[in-house]
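I'd like to ask you about the structure that follows.
For reference, chains read A, B, C and D in written order, and residue numbers begin at 1 within each chain.
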Amino acid sequence: MENYRELSRKKLTQRGVKIEDIAVLVYDLQKMYYNDLKIDRCIEAINLVLDKRETAFAVLTGIELDIAAENKSLNEINDIIESDYSLYGIDEILALSIVNVHGSIALTNFGFLDKTKPGIIGKLEEDGKKDGVCHTFLDDIVCAIASSAASRIAHDRENEKTS
Amino acid sequence: MENYRELSRKKLTQRGVKIEDIAVLVYDLQKMYYNDLKIDRCIEAINLVLDKRETAFAVLTGIELDIAAENKSLNEINDIIESDYSLYGIDEILALSIVNVHGSIALTNFGFLDKTKPGIIGKLEEDGKKDGVCHTFLDDIVCAIASSAASRIAHDRENEKTS
Amino acid sequence: MENYRELSRKKLTQRGVKIEDIAVLVYDLQKMYYNDLKIDRCIEAINLVLDKRETAFAVLTGIELDIAAENKSLNEINDIIESDYSLYGIDEILALSIVNVHGSIALTNFGFLDKTKPGIIGKLEEDGKKDGVCHTFLDDIVCAIASSAASRIAHDRENEKTS
Amino acid sequence: MENYRELSRKKLTQRGVKIEDIAVLVYDLQKMYYNDLKIDRCIEAINLVLDKRETAFAVLTGIELDIAAENKSLNEINDIIESDYSLYGIDEILALSIVNVHGSIALTNFGFLDKTKPGIIGKLEEDGKKDGVCHTFLDDIVCAIASSAASRIAHDRENEKTS
């Protein structure tokens, strides 16, 4: 399993996603609640999300689907995935496997990021429109990692307060 | 069942939620995709959402929980619900029973509305802070109805295009 | 929060659910995969599930709804809840707040327990048919705790193997 | 869209799944509730499930993933998918995109089928262990279609009663 965790981090980097880019999203989601929030805390939370089995498998599966679509090897469903068709819905569902295990704060933040597409998410979506590039699954996965990390911070902070 | 559908509409009105207020949310969620969208179409979509069994039961259960919290009759969990504690999470879960049956567009819109709280949703939340008023479940239920109606419009429009 | 965790345990006991009864369900779900599984390991896993914020809030909310239905204080929705109407669905949704955070093994086991109703789950359902007793939410919550504990054991065992 | 609905039916047939095989599962799930249930009614309900956009896309995506795994073209995640690793979880998540839109009865039946593997589901799983055959996604998709059709029957029957 250690192996898959490392692999999923490597694949994210290969596909142009840096943990620092996700950390900015997490920071922006949580800064209004914690005056003293540091970017390092956001990176720490992202790493905890990436350590989850659910995350590793969702990242690796989603990226393979994007790559397969770039290679036109998905037969009848290739166009739907490559064009990021708005009613496809399987990209969001795959991302939910990460979001679900992080509770309801992760879920509402996921919807917010998916709709407003700040920072790296918007960039991934734009790049995905270029010829030969498909980010249909990747942008939702990044939304899921960021929103789950935000949820982690909210939960951990509350535990610190009450303990 | 007809009975429960009518009851859930009546209860929403009694608790200060007008279908027209929800329609404005739906319109704002969908106007960027359809130039010719009319508010009547939004109301029609909301009515289809309200006709679902899942919606009727979620509305009636959520409102009873809010009222019970106002009446201080929920024992140890009363404070958590009355204060709309951010990590409570059961309010979002109850709303998901509506959102889930309307697909992934409903889900992302739900998160967006829950986080940005436009129009009637923000108003419900503000009013819920007054003494003796609890809208912990109601505001999430309104988010769920609006986001589900938005999803309905997106799906129906696509069907019209392709048929 | 510590407080709510203790309260949810106390309430389960008051409503007739012993951790030992849940442990038998967990044991039966997992014994085919681990020859050396001990009931103590099942109890340990249940305690980890009960320590989660999501569990505490779902337990406390569900039990209050059952009690409110016994007291006939839920107005128009009281009959639906008291009679454990099969298409109500909100009882399963509430339980999902526990199941979701424990991953997909929790989910499939939840469905299995909810449908086959072994041990304490069947007993709760039978008792819930008596006059003045409502277990509509409680039986689903017990399904959720047992299936989540089973998922925990599966995940932890795998971690032990690979570390 | 019509196109995708037809394609998903064709692909199911190509991968060895007949609607009649799914109908037997639906019949067995619902026969205890309706004395007069006919297999034709089950087939009709399955067709309504297959007409949903969510179903078509889940079927087509899941089958492509199975085929890609058979072709060893999924890189680092290929072994996990090909071996139907029990903690993978993405197969169940994909199937949930079908189950979720059919409500909570679909969800509990899904867990039950996934755990007990009657009829065609067990057969698919067994065949999937053969060299060069992968049914990791397909068996969960069939569980999802059957459980969703069962839920449809339960809901429609209730509507007939109350109208």
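Before moving on, here are some points about what is shown:
By our rule, contacts are C-beta pairs under 8 Å (C-beta built on N, C-alpha and C of every residue); 3 or more make two chains touch, one makes a residue touch a chain.
Note that this is a predicted model, so its numbers are computed, not measured.
When each chain is reduced to the average of its Cα atoms, A sits farthest from chain C. Chain pair A-B has a twin interface among A-C, B-D or C-D; that twin, with over half of the contact pairs alike by residue number, is C-D. Averaged C-alpha coordinates put the centre of chain B at 30 Å from the centre of chain D.
Our note on geometry: chain A versus chain D, Cα centroid distance of 27 Å, whole angstroms. Touching two or more other chains at once are residues 53-54, 87, 89, 93, 96-97, 103-104, 155, 158 of chain A. Touching chain C in their complex are the following residues of chain D: 86-87, 89, 92-93, 96, 103-105, 107-112, 114-116, 154-155, 158. Across the interface of their complex, chain C is touched by residues 4, 7, 11, 53-54, 57-58, 60-61, 64-65, 68, 73-77, 80-81, 87-90, 93-94, 96-97 of chain B. Those residues of chain C whose C-beta lies close enough to touch chain A in the complex are 1-2, 53-54, 97, 100-104, 155, 158-159, 162-163.
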